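In the two assemblies presented below, chain A is common to both, partnered first by chain B and then by chain C.
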Partner chain A sequence: MNIADAAVEAAGIQPGMSWSQLHQAVATAFGHPITIAPTAERIPPTITGLTLYKKDHAQILFKRTDDALYSGHSILHEFGHILLDSFACSAQAGAISNDLSNGVIRVRTRELDLDSMDPLARVTEDAAERIAFLLARAVYGRQFTPEEMFFG
Partner chain B sequence: MIQQICLAIVLALFVMRAPSAIRQGKTRATWFATGAGLLSLFTLGFVIPAGTLDAALGGTNLLTLLRDVCGTISFWFFRDALGEYSGASYRLRSPLFLLGLLGTSTILFLAIPNRGTTSENFIAAHISDTATWLYATIYILGIAALAIDACWMVRRRLKSVLIVFVLGSAIAVLGCLAEARYLALAHFGVGGAGYAYAHENDSTFPFYLGTILIVCGIGGVALSSRISGLQLGWRLTCRRLQRIETRCKLELGIHAEDRIGGPYDRPQDRAYATLVNLRNWEVLHPDVIRLGDHKVISRASAAFSSIQAIAAR
Partner chain C sequence: MATTPEAFSRAVGASMRAEIAAAGLNVAGVAKQMGISRPVLTNYIAGVRSAPISVIQRLAEVLEIQPDTIVRRAQERLADAERQAIQAAAADAPAGRVIKMAVVPELPNRGSLPRKLNLLVAAMPADRRTADIFQVVQGALTEQGIAILKRDWEAVLAGESVVTLSDEALGVIAKLFAVNPSYLTDNDPNLEESVDAKLEFAIAMHDLDVQEVAARSVGGLSPADLRELTATIRAAVHTAEDKRASIDRES
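This part shows the complex of A and B:
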């Protein structure tokens, strides 16, 4: 089992979870609240989502202009970073605007420009992306109707 | 004929639902119900002659007891599944009721004097015995009680397949009552032997029709569940998306880096991964997705929109 699979399993992520349940499970694994919001701030075009770790909570930001699927995937990727609890960052606070970096301890991002990353950050990024796909399977997995569960 | 049809449907359903019953605990009650029903129908002798089966049990008509016990167990599990599904509280839930019913039936059956050798019409042949009458009446009214209980507990939740189950149960109850009536007529000799004989098979059609309706209700849910599990729509969407992906790959060459986590068993998962991949490429190479392809991508993306539940836009 690789680190991504292990992180998902350790967080108790189950197929058929709703978004709210997943959000709660990741926050529980993190140990602090996680807020999620769209942002209109200037962030590099190849960054599709980011997590700002603050003193007592984390804030996940996604691009307001992205559609539900893509912004959802960026959030799942950030959930992946949180679950991995890694210290390897693909972007530093300087890569984002001053308004966003206020009070930020650490930053994780979903970066598409993989060539610019150092090898360790690349490994972390790939693991977070793998988690994002695993989480997508959990939330978009087949939901059985009550009839199917009892008579299917 | 209606009994053979019932046997064929129950057998098909039992085999079809075996994998899901092994995987998913909640489906087991109805699977056990069809299993017990299958065993009960099997004793009618359509596959192996009833005489041969009874001979294997000692040739004293214990096959009749086995048939009736399985029938009772079948209706018990069906009622149990309905109770779990509807979340209704129901009164005859205790296994003691089942054990009491089966225990009483067995004691009465064993109390029938001179059960003799194998007889396909065992009950009719021994109906003058009080033990036989009591045994057969308690058995058939026990099934009727379970079916009525099933209808009663879902009376305020009538929707979708429950309507079929209630209809089937109600018709089966009519069959049970017809049988109880025949048993009383025959035992007490009301109207003479000929009159009772004329009503001997009154219960067969409604009882098996009701059973077939219940079984078809379960079968309908099981079948539609398997068809939707094939994800035929997603397979088609996936093929369209992969055509776009292939074209983009050809255009981008070495820049087309896949970030797809796989492998994927479900077409929907594969479609999701392909959509993310296409959007990644679009961010890096804004012109790579053609105008016509956006429609396909948008339509497929729209199915994954539940994120709005947690993100305040």
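This part shows the complex of A and C:
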């Protein structure tokens, strides 16, 4: 089992969950509340998703102007990183941009230009993307009864 | 190096004597104008007794200068004396161990240095800011054989210093704060804009108690983008806090 599947299983993510149940399951795995909010202000066009980690909670921001499907995927991807961090303490595996951090705040930028990503960050990014897929299947995928699984 | 009250009194006395001489007057004449005896004024000037504020104020009136001029110049005397002591100690330092002063006479391109240094200090994480920032800076400089006085550091930060920090000292400080040394030593507007935006971002995150930011980005962030992001995060965090406060009130 790869780390993405293991993180999803450890969080108790089940097929057929509602968004609310999924949100609660990820927050439980994280150990703190997670708020999700559209931003009233404009996020620079190069940013597609943003998570703020505070001492006692996390805040996922998405663009108010983005299409719901795109925003939904961005949120699931951020859930993926939170589950990875919670499951494997993989925070260290994130790409830490020394340039942006200046040593003054821990800032992880997940650069989607794969040519410039370091290999470890790429693995983390791939895992988060796989979790996003697994979570999407849990909340959006058609659910079959055991009989339907075989007979449709 | 802590200044003893006796040393400070002597420095104030020396400053009083220098200001009297600069005004082209003598001690006896000034004492008369001040309405005190010459021996009393001589004791203050010699640092035998500490001059009270009322005496400094009266002397300043007679000399037609601001009272704080006397105290400020006394502080400058003390700083000079400490620098000389450090330089004297440097002469006795073991071979190969060079001690230099962090401050040098004013240099070009230093106009924005106080603002930049204050930004760097403000951008320090809370756990490092609890320590005396001067001690952190002094420690880093000392490791490189560079000496700095606290009053020089504070004066440079306040933009009130007649001296500035050397390129070498700024290089050490830049390394300590993980910024490009040219940010402190030069006036490259592009570099300034870029680093300023990053530092302002970090300061905002500290203000908001944000410990980490994870952002998915499909390209680089310009300084303008970063400032926009800073404003967005500020607004989002404040909105979330307002909502939580509202929920707390309702419950």
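Quick note on the criterion: the second predicted complex is superposed on the first by the 109 of 152 C-alpha atoms of A that agree within 3 Å, B and C clash if a C-alpha of one lies under 4 Å from a C-alpha of the other, contacts with A are read in each partner's own complex, and residues count from 1 in each chain.
Keep this in mind: a residue touches a chain if its C-beta (ideal position, glycine included) is under 8 Å from a C-beta of that chain, and two chains touch if they have at least 3 such contacts.
Small disclaimer: the values here were computed from a predicted structure and weren't measured.
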Touched partner set for A:His23, first chain B, second chain C, both or neither: first
First, second, both or neither for A:Arg137, with chain B first and chain C second: first
Chain B versus chain C as contact partner of A:Ala6, first or second or both or neither: neither
Which of chain B and chain C A:Ala37 touches, first, second, both or neither: both
Which of chain B and chain C A:His81 touches, first, second, both or neither: second
Which superposed partner A:Gln59 touches (first chain B, second chain C, both, neither): second
Partner chain(s) touched by A:Leu50 [first = chain B, second = chain C, both, neither]: second
Chain A residues contacted in one complex by chain B, in the other by chain C: 37, 45-46, 48, 112-113
Chain A residues touching chain C - in the complex, by the definition given at the top: 35, 37, 39-55, 59, 61, 74, 77-78, 81, 91, 94, 98-113
Of all residues in chain C, those that touch chain A in their complex: 123-125, 177-179, 195, 198-199, 201-202, 205-206, 208-222, 225-226, 228-229, 231-233, 235-237, 239-240
Touching residues (chain side chain A, partner chain B) in the complex: 18-20, 23, 36-38, 45-46, 48, 62, 64, 66-73, 75, 112-114, 126, 129-130, 132-134, 136-137, 139-142, 144, 146-152
Chain B to chain A touching residues, read off their complex: 17, 20, 24, 26-27, 29-30, 81, 84-85, 160-161, 217-218, 221-222, 225-226, 229, 257, 259-262, 266, 268-269, 272-273, 275-276, 279-280, 283-284, 298, 301-302, 304-313
